[in-house]
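These are the structures in question, set out in turn.
Paired with chain B in one complex and with chain C in the other, chain A is shared by the two complexes that follow.
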Partner chain A sequence: MFVELNDANFEAMVAGTASGVLICYKKRCPHCMNMEKVLEKFAAKNADVKLFKLDSEENPKALAAFDSERAPTILVIKSGAVAARKAGLMNPKEMKAFFEAA
Partner chain B sequence: MKEQNVMDLIILGGGPAGMTAAIYAARANLRAVILEESVTGGLVNSTYVVENFPSYPGINGVELMQKMRDHVDSLNVSVEEVCEIERMELEGEHKVVETDEAVYTARAVILATGRKPIPLDVPTACEQVHHCAICDGGPYKGKKVLVVGGGNSAFDESLYMLSIGIESIVLTEVMDRFFAAQATQDELLRTGKVDARTRTRVVDLVVENNELKAAVLEHCDSGARETVACDGVFVFLGQNPNNESFRDVVALTEKGYVIVDRHMATNVPGVFSAGDINDKPYRQITTAMADGTIAALAAERYVRS
Partner chain C sequence: MSFDRKKIKNVVMIMLDTLQFNYLGCYGNTTIKTPNLDRFARQSVLFENAYSEGLPTIPVRRALMTGRFTLPYGGWKPLDHDDTTLTDIMWGRNMQTALVYDTAPMRLAKFGYSRGFDYVDFCPGQELDHTSFENEPLDPALKPEDYTSASMVWDKDGNFIDDDSKQLLDEIGCFLRQQQHRREEADCYVAKVMDRADYWLQERRDKNRPFLLWIDSFDPHEPWDPPSVWKGEPCPYDPDYTGNPIMLAPWTPVEGRISERECEHIRALYMEKITMVDRWVGRVLDSIRKQGLMDETMIVVMSDHGQPMGNGEHGHGIMRKSRPWPYEELVHVPLMMHIPGIEGGRRVSSFVQNVDVTATIMDAFGLLGTESGVSDHGMNTYGAEDFQGISLIPLMQGEVDSVRDFAIAGYYGMSWSIITEDYSYVHWLVSEEEKNRADCVEGADKAMSEEMWTCTAGAKVQMPEHNELYDRRTDPFQLNNIVAQKPEVAEELLQKLKLFIGELRTS
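Moving on to the complex of A and B:
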């Protein structure tokens, strides 16, 4: 369900995405695991939204570009650009509102 | 129309108690489902290193819980995560639990909902207050943090934070001693980077332009106050029981923990309870698993009666 991004491809992937959500995670971050499930539920109801994930600890260039030291950091992508950014966990209702407001 | 699922056993909560119950239930050929409001693993997921689980001298909490989840999955137990309970009927022969996705009915329910972190009670709101060092420790490399709490979590997470480059820690505990395992206390204090204080409470935070600058500490006996500079606060004050969904039906102690007999049975026929949500003196992964085992075996007997 998630396309994995890295330092080599994140800029091109974001630029080529009309509607998407990117989660910047850390491998052993429990809130990140929770947030991935929230995003899966969100995507199940929003078929046109692409899901991306990026390991912040393995990709320092992307970590700096997205300011994603905190995990999870969620970015909404619209029309090829980051439209909104938020660090921390959200429940499904909050995620829906966050995406719609972006 | 939501999916309707008839089960033998509904398990509310997917921590070590709930997952152990699921394993025993599945092996007893009960159709079981775990309904978990977050992800399976519970509070163990937030533990960087578990050192007291027999079999592993030291293992990451997420890794340990993933092994347990793999075992649950191998038995084809249904698991619904990030699950919002909308309705629950525990009394009567057929229990009903309705989530945002489906409706489940079963003759037996195991409550394994565990606990959630106690928040820091100070007048000033602040975004730099956290409960998870793995999630939120990164931005504090080279900086100073305040750790509130003197138990295992506070000490373990402090060791983790020093390992990722936090410069120094002030650690506070209101009681007259720390409660972490002595070996962990010794290990942390040996680093020379921790100012650990007993009989000390956090009374307020100093925030300027949305950024934490300092914390106001007060000595519990003398009342003397001191403002200490810090960039972030990590709170490990223990947990409160997650009993909102059933507290009007199931008998609880004054502190909100479920009262059970030696079969993990509650006052409601067909409703059992296991893990940290139970009234008991010791809450560990191993005791949670023991509760889950007993609850599942008792639930099996009940379902087949």
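Moving on to the complex of A and C:
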């Protein structure tokens, strides 16, 4: 369900996305695991929204570009650019509101 | 009689505040007499490992009424408009609902815990209701200082030790103002609540309609005023004690303030109060039996929490819930359920949490899978879709052995703990200094920060140095912290705890 981003492809992938959500995660982070489940539920109800994930520790260039030091950081992508950024947990209702407000 | 959901018409919930599980005969206590609850245990399923997740009084009611955990979301606070309660779900269904209670915190202004009940009967004046009777003249023969220990109030020069001295006498005076009219045991709070509940059952309810009756008795919560105190007789569980009865103790640590002998006497008064509560609960249970309701009524008997009651395994050095400490004597609760058609006498060892009680009530009524919506006439209706609990009916029938591998407990914004078969682990959200200073409701004002729900470099969950790990098989009351000997176990449990609470936060 998630397309994995890396330092090499993140710029082009974001630029080519009309509507998407990216989770910047770290391995072994329990909060990231929970937030991925929320995004999967969100995507299931929003078929036109693409899901991306980025391993923050493996991709320092993308980490700096996305300003995503804390994990999870959720970024909303609209019209090929980052439209909103938030670190921490959200429930499905909060995620929906966050996406819509971006 | 075989189990059939359609035969369950009614639910009676009997909440007995501050009833420690191991003070009951049916939970293995051989000193304290609780014959009525023990008899009920033989006719119901007893849960040996029931834990309240969010402490104290108010979060437990919130979890029970909404079917949702509270620990990740909020503590001592009013019911929110967005919360969906049992009675919200009952609206528009053929179900009469009644709440008979004296639990003052539920009645705090704007707290709203009586929301949606068709019939509400509140008895004012119990502990924590410090205002209803404050202007009543007190019988001059009744002096607050006669109902506590002088050495808890005054120093050797006859001065108040501190502000807690005055507060203690004020609290006792307030309680005496209400209870000064007491002439017999039937005037005590648990008697009033149980009698009024029985009145509703026998006289007031529509006997042609199913019902949900919630009886919420603040007893056996302190003040410790069992019958012997009012009769001026020795406490039957401590007949040799010669000092004043100790109706209340100061809101302070035990050390330097309450002697070991006084702690022992307070526990004896608490035991006697439990025996009295047992007597009055027994009257309602007998009434339910006599009215022929047992075969069509689910009955839950439980407590919201236990109570720190002194040193060591009794209370880790505090008396009353004066600190946000989620230890065994507080968070492990008695829970028994009678469901028509399910064989009584069974004892279940699986971990269960208070949200599971709510899910079971909904399951018994066939409402567990219901969704919110709008009626044909344009009115909002509510379902149990946001519930987080697990119905215990399959467990009670022996179809499964376990519904949870672990339980959680704690104080919102202050402490989280995880309890497994092998270990218990306490994670402090506050510093050691705040942990030892804060009272049990201060966490209500805390906001959960972004840091709480995120990881930093290395994605390692940082474990505070003052976190605690205990071997639950050899040290169930958490006296010997082994976190330094087993850091890998502690880290694994903290990871599991954060994963679970985060899962709740996102659902």
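Assume the second predicted complex is superposed on the first by the 102 of 102 C-alpha atoms of A that agree within 3 Å, B and C clash if a C-alpha of one lies under 4 Å from a C-alpha of the other, contacts with A are read in each partner's own complex, and residues count from 1 in each chain.
As a convention for this text, contacts are C-beta pairs under 8 Å (C-beta built on N, C-alpha and C of every residue); 3 or more make two chains touch, one makes a residue touch a chain.
Computed from a predicted structure; not experimentally measured.
Student: On chain A, do chain B and chain C fit together or clash when superposed?
Tutor: Once both complexes are aligned on chain A, chain B and chain C clash.
Student: Is A:Glu69 touching the first partner chain B, the second partner chain C, both, or neither of them?
Tutor: A:Glu69 sits against chain B and chain C alike.
Student: Per the overlay, which chain contacts more chain A residues, chain B or chain C?
Tutor: If we count touched residues of chain A for both partners, the winner is C.
Student: Which holds for A:Cys32: it touches chain B only (first), chain C only (second), both, or neither?
Tutor: both
Student: In the superposed arrangement, which partner chain does A:Met90 touch: chain B (first), chain C (second), both, or neither?
Tutor: It touches chain C, and chain B stays clear.
Student: Report, in rising order, the residues of chain A that make contact with chain B in one complex and with chain C in the other.
Tutor: Residues common to the chain A contacts of chain C and of chain B are 26-34, 37-38, 69-72, 91-92, listed in rising order.
Student: Considering the complex alone, what residue numbers of chain A touch chain C?
Tutor: 26-35, 37-38, 57, 69-73, 87-92
Student: Can you name the residues of chain B that touch chain A in the complex?
Tutor: My answer: residues 38-39, 41, 45-46, 48, 60-63, 81-82, 84, 100, 132, 134-136, 138-139.
Student: Can you list the chain C residues touching chain A in their complex?
Tutor: Residues 450-461, 495, 498-499, 502-503, 505-507 of chain C touch chain A in their complex.
Student: Which positions of chain A touch chain B when the two form their complex?
Tutor: Interface residues on the chain A side: 26-34, 37-38, 41, 56, 69-72, 91-92.
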